[in-house]
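There are two complexes below, and they share chain A, which is joined by chain B in the first and by chain C in the second.
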Partner chain A sequence: MFKKSLVLLIVMLLVVTTLAGCGQKPAQQSGSEQQQQEQQPAAEAPKNILRMAIMSNPPKLDPVFATDTSSSRIIYQIFETLVDYDKDGNVQPLLAESWDISPDKKTYTFHLRKGVHFHKTIEGKPTANGGREVKADDWVWTFNYILNPDTASPRAYFLDMIKGYKDYQDKKTDHIAGISKVDDYTLKIEIDYPFAPFLSVLAYNTFNVLPKEDVEKYGKEQFNFHPVGTGPFKFEQWVQDDKIVLSKNEDYWKKDKDGNQLPYLDGLEFRIVTDLAMEWTEFGLGNFEQIEEVDDPYYADAKKLPGFQEGPTLGTYYYGFNLTKAPFKGNKALRQAFNYAIDRKGLIDMVRNGRALPATGVLPPGMMGYDESIQPQYTFDPEKAKALMKEAGYPNGLKVELVYNTSEGHKRIAEALQSQFKNVGIDVSLKNIDWGALLDATDKLEIPFFRMGWVADYPDPDNFLYVLLNSANIGPKGNYSGFNNKEFDDLTNQARVETDPAKRAELYKKAESIAREEAPWLFIYHYTTHSLTQPYVKNVVLPFFGEYSMKYTEVKMEK
Partner chain B sequence: MLNYIIRRLIGAIPVVLGVIAVVFILTTIVPGDPARIMVGQRGDPATIEKIRHEMGLDKPLAVQFVDFMKNALTFNLGKSYRNNMTVVQALLIRLPVTIKLAFASMVVAIIVGVPLGIISAVKQYSWFDYGAMFFAILGISAPVFWVALLSVVLFCVILGWIPGTGTGNGEWIYYVLPSVVLGLRPGALIARLTRSSMLEIIRQDFIRTARAKGLAEKVVIMKHALRNALIPVVTIIGIETAGLLSGVVVTEYIFSLPGIGRLSVEALVNRDFPVIRGVVLFMAFLFVLANLIVDLSYPFFDPRIKYD
Partner chain C sequence: MEAKTEIKNIAPGRAKRKIEGRSLWMDAWLRLRKNKSAMFGMTLVIIICLAAIFAPYITRYDPYDQLIWKEGASAKLAPPSAAHWFGTDVYGRDIYTRVVYGARISLQIGFAATGISVIIGVILGSLAGYYGGFIDDIISWLTNVIFAFPFLLFVLALVAYLPPSLPLMYMSIGIISWASFARVARGQVIQVKGMEYVEAATAVGGGDGRIIFKHILPNILAPIIVQATLEVGSIIMLESSLSFLGFGVQPPKPAWGYMINEGRQFFLSGQWWWSVFPGIAIMALVLGFNLFGDGLRDALDPRLKQ
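Showing the complex of A and B:
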């Protein structure tokens, strides 16, 4: 019996080890996977490596295909664009040292920084480009690659104003006409019409310079797993669902004001910790220098810590009214009634721990065109809401269903607002569906009342008012309410091509005023952003654009 | 024996195919377009169409199904919509973590469950018995996520015995807490089942005979009673081993372990159909395999069972 049991045990062990071994065989065929499987010696306490807990495994490290903030966080460290934003959202030089704009505002000439090199090694091995210098040809190639219809970059259309975009998309030419090299360090981009936020769009982190040799070596699908850029950190390892490791780019072009080589850190390690309670717990244990998210239960404690920073960011949380469907179609009074019926401050304090700013319009504070005095101001005024309900033809109240995407946070907000609505006779029932289903339905303008939110792609009011409410964008491009207002369209179209900032601001103020008056949304709150680092982490600048866009070039640790 | 294995494996094919068909249909009828999710909130319709075409989502459903089945037969499960990694590769990368976790949990469950069950049966209605069965009820009823969180607070924060979540650089210490947490439920089930099975056996005539002929109590229990009591226990071990795979979803999530459970959650949220299908297919295969191994192990415990 004993012998038989032993045999059985050995057989079972063999099965298990064989199965476990299965996982390692294919790994030997490819570099990164091999690394992923290799067991390393027991961890020593990392010295100059910043360890950060992030919530999810980024889908993409190839900037050409990334569309989400979890991917962007890593991409910001590996890749670089022509221009960048400073901490207040102004465009500043990055790989372009300076630029000239033609009098007709249709030609941009970028003077490229000298001495910028692609990463010489990644994953401990030489890259195909060999660490050569970035020149204008690389930018021409990169833009042609990103905008190539066969590449199918989901963000290519952000640059649809570049001359020749349509012909290139329709495959009438094999290159984009509007992008050309003047000399090795000068790049010219021509656009079809003056487009004020053009530089802001170029700072969007799809439009990073890429080394042709490495993109071609790995191909469109594998470059994602072997990203090569010019940024302060190089790619070293990506263990799916576990961690991403970056190391210092020793040849980075930037030095600090005292002439010291940047970055200061030897590397970054992003570990994926899906559970927010665990992130907080492990931060307390000193396992991380930074965590992505401080969940509500820990917010009060986190606020007392020296490494906690918080500030407004460019985003708006709202419930959309579908203006093509009853009961909101053609009923401005009803939409306004909803806006007067809710106590934003109370909601934010009770449900969001005070971590948001009340919204009474589309544009977030700090954005061009935002003005506190723009009317109407949707204060909490149940009496006015009731009066407007009467005017709207619902003196005895109405029933409506709110559809939101499944999430505990959205649910809490919806439930709080549900009870507030009840006070003015609005009976809101709640329905949750998942994000994909919500997008599908809102694209087709199927849902009368739905949750949505928007965080800026680039810090310009165009990215809010034009994208979310201009009738050209009804449907999947962003206008899920089906808002269609001629005057608003004219103003936002005009503001796109107007290059005088003062005139633009005026146009956007008028457009914002129309949006508030017409109330295509229930304006709820503007997002804030926060970061939490250990006290020995220095030079941490919380970007206005959201914590995910933080750069670690000048961050240092003083333990 | 070999004939039996072959017959069983052939018999499993329709089961696995049926599972694939159901999963394929379920994943395609739920609303939510993977291309749309991939493009993000603001999507250019032309780009969405292009991506749909690349993913093959623009083909009629029947064609997609036939393509999928054809490819599945050659172990080509397609590529993840999310990051273009092949599904087989995505599964294989995560398999070692899940196998280590499931195996360690089952070891914990057996090491804890079987002795508890034996002692409880031998000392029926003693304080030990009550204590062990209280533990068993607790183990079965306590939600995994709750036990996981509390155990982290105790062993990581208060006692500092375990460094934290994740897999570190592959050190075994990171698997201890998840394995214990995940092994708790099957351990409790095994304890209860071993107890009841033992109680039934030790009242039978042949045990009385064994005692009557003067065998030591230890030999009576361990050799005569346990061996006979183990058949139902082995069955439940087999089923629970496969069932652990559903437990790994929560455990891997809370302990941030990069295994198949996490992969399946991410895939579901992101409508990553090829990965969802791959995971389900893999799970179905494991269930079939676990059941087969259990059936094949019966003759070791009861020589009267033979497969010819």
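Showing the complex of A and C:
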């Protein structure tokens, strides 16, 4: 009897498991659908989630510590600044409804928007702030937190013109003098000298209002994994190297023209797909509403699609020389030789489908201080490069390793340049590492020769020349080359306090000329930006600063 | 004078014995020749080997020469034509040339890594089989560990610290793929150890080294040759996967796996030739070694056939 029932039990178990196996199969076939269901256990089918493929796991979600575009992309959705930009790059109100600037241009008074609330919940749990309204005190606290030397934000120095910055950094006071509350909805910021791009700097994605309670609850380490802000989307989930899920902020302050609550979307899902061929294929299959990068092989096809937009942007793609390490240390001729060795136009036309502009200097076209006629002009001149190699002490050539971050596009460019270098006797070997690892290593100036790129944080040459090459910013602040030139420092420092635009432009032109002459970088090209969305995604605006700064507040899907 | 005649007398005898000994191999060769697929495999391998050796004479271009800088856009991703039999890649490099030069890399790694693993595997396997006991336990345990070892992780760890290069590649592949040789050698040695001629050698006072190298190894050579031939194929496959993943031979060296990976990006947009031709080359070479190895096994060990 016992034996029989045991057999029966085993048979039943087998049948059940087999059936269960059969039942699972159809569900697994539609992988993306299944994932959507996992996120939203609600009965309604969540069709209103925009799925986007991004190329790398963002290093940081805490805006205070983020310095790169893949992090900013997510931060823009969760956090908000006092002001931001319209699509032409003009400053427009965001959490500040309006502002007054004193006649001496040293005092800014911001009239804060009413009815802005911090996120009430994240990850399905109530936040420490409980969804309270943002007031001037929050801004005062936030700026004091970001600029606090103990916080050590890598971008705090963007605001070093604020009154009392130095004393606060030197720990002479416990708060920054230049930032104060006038009343609950009025904030006053005083700066030491009239700084033309000041409003633009405030739009930079580090200077978001933060809820004190949550920052203190999670602390510096954990807030990165539980970010709480005021933005149109709330943080839900971050699976490292896999995906980031954001959900709609129901209490968002903004309504559209007809009085409908924004954002229209129920959520955003960023999936990390490092392989660009995969991004393109999945987009074709309809598994993504948007992809970060259309790789060069698919550019011609993508260009024909209705959801494709493209435009120039303020940015420079370059290979940095480490001026603190051999062989580039103290060897200007060698650095110039590199710059004469490459055929930029050919590279852009052939390898990049013409999707960039040749760079022979730091500043991108469209930026104050950019001037085509600034000397020296790095043309493609292998003979000159060879002569300079001799002068540099390498008549028989030299071997050097280029470190770049993993991406087919970077690899393709590197391989093309590798062959051009070979023609002048430079033997470049290639090594690819993860983006986060590359940033870490360049922050510490560990790599002699590295790929890097820079896109504007604010549309002013200060953001390029001062940030990237002034000796005050060596290391994580942006001067990854360790460039240290007294004359250049003086010019860029002077330009910061100069108010006359014409004089500033002159100073930046001089500084640019020094940067070209000293060649701390191998200048390669200036970026263009592009975005590709499915045709049913509406209200997609290609931002002035590049696709990475896109906001989804008013984006909707009409299937 | 005496000595001379002695040699003369012995020499024909030796030659006679040699002919008899050779005839076993000759038998195998006759059996192999009848096996059509094995002959096909052998031809493939020989053709590719010859192509690799005479690469500069059968190609018109330099494998590193990026023609786009000289000839412009017409040389970029040109489809197969009379000028470029297999087409060109995005830099205008001739893919036929690169595939032919790529054979050098694959074969170098294939042979060198197999050589290393044969040496390690046969020595360890023979020791285990001959001495048995404690030594056998340790070596067998080591073999099992190696079998279970995640190879990719091992190479990943290696290239994290050492720059990827050809010697690193075959050293690392070699020291991780000897396990199958150790198993074959051990089994064969145990079998042969019990034979009368080994007992005889022991009886006349032969040392362990002499017995292993003079009496046992020559008699277990056949299965090891078979194993080695098959192993070359799988090692070439392994090298290609490593290059595909970017851990193997570094650009611009024309490794087949790396070419497939680069070309894969353009496969979807219709430029199939960049990845397909190196793919065919890998297939041909691995297939060649496998068919040849299978045929060798049948030829060298007729008992298996029955």
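The working rule: the second predicted complex is superposed on the first by the 322 of 559 C-alpha atoms of A that agree within 3 Å, B and C clash if a C-alpha of one lies under 4 Å from a C-alpha of the other, contacts with A are read in each partner's own complex, and residues count from 1 in each chain.
Convention: a residue touches a chain if its C-beta (ideal position, glycine included) is under 8 Å from a C-beta of that chain, and two chains touch if they have at least 3 such contacts.
Here the structure is a predicted model, which means the values were calculated and not measured.
*Asks:* Which partner does A:V182 reach: the first (chain B), the second (chain C), both, or neither?
*Replies:* A:V182 contacts neither chain B nor chain C.
*Asks:* Just checking: does A:M350 make contact with chain B only, chain C only, both, or neither of them? Give me first, second, both or neither.
*Replies:* The second partner, chain C, only.
*Asks:* For A:K431, decide between first (touching chain B), second (touching chain C), both and neither.
*Replies:* In the superposition, A:K431 touches chain C alone.
*Asks:* Quick one: is A:D440 in contact with chain B, with chain C, with both, or with neither? Answer first, second, both or neither.
*Replies:* In the superposition, A:D440 contacts chain B only.
*Asks:* Using the superposition on chain A described above, determine whether A:T67 touches chain B (first), chain C (second), both, or neither.
*Replies:* In the superposition, A:T67 contacts chain B only.
*Asks:* Just checking: does A:V497 make contact with chain B only, chain C only, both, or neither of them? Give me first, second, both or neither.
*Replies:* A:V497: touches no partner chain.
*Asks:* Which partner does A:A277 contact after superposing on A: first (chain B), second (chain C), both, neither?
*Replies:* So A:A277 meets both chain B and chain C here.
*Asks:* Can A:Q420 be said to touch chain B (first), chain C (second), both, or neither?
*Replies:* second
*Asks:* Name the chain, either chain B or chain C, that contacts more residues of chain A.
*Replies:* B
*Asks:* Looking at chain A, which of its residues have contacts with both chain B and chain C?
*Replies:* 277, 281
*Asks:* Which stretch or stretches of chain B touch chain A in the complex?
*Replies:* Going through chain B, the ones touching chain A are 30-34, 36-48, 50-51, 54, 79, 82-85, 88-90, 92-96, 99-100, 103, 149, 152-153, 156-157, 160, 163-171, 223, 227, 253-259, 262-263, 266, 269-271, 293, 297, 300.
*Asks:* Mind listing the chain C positions that touch chain A in their complex?
*Replies:* 64-66, 68-69, 73, 76, 90-91, 163, 246, 250-252, 262, 264-269, 271
*Asks:* Within the complex, which stretch of chain A touches chain C?
*Replies:* 276-277, 280-281, 295, 297-298, 300-301, 343, 346, 349-351, 401, 408, 411-412, 415-416, 418-420, 422, 429-432
*Asks:* What residues on chain A touch chain B, complex-wise?
*Replies:* Answer in residue numbers: 1, 4-5, 7-8, 12, 15-16, 19-20, 22-27, 33, 36-37, 39-43, 56-57, 59-60, 67-68, 149, 152-154, 156-157, 169, 221-222, 224-225, 239-243, 271-275, 277-278, 281-282, 284-285, 287, 433-437, 439-441, 443, 454, 457, 467, 475-478.
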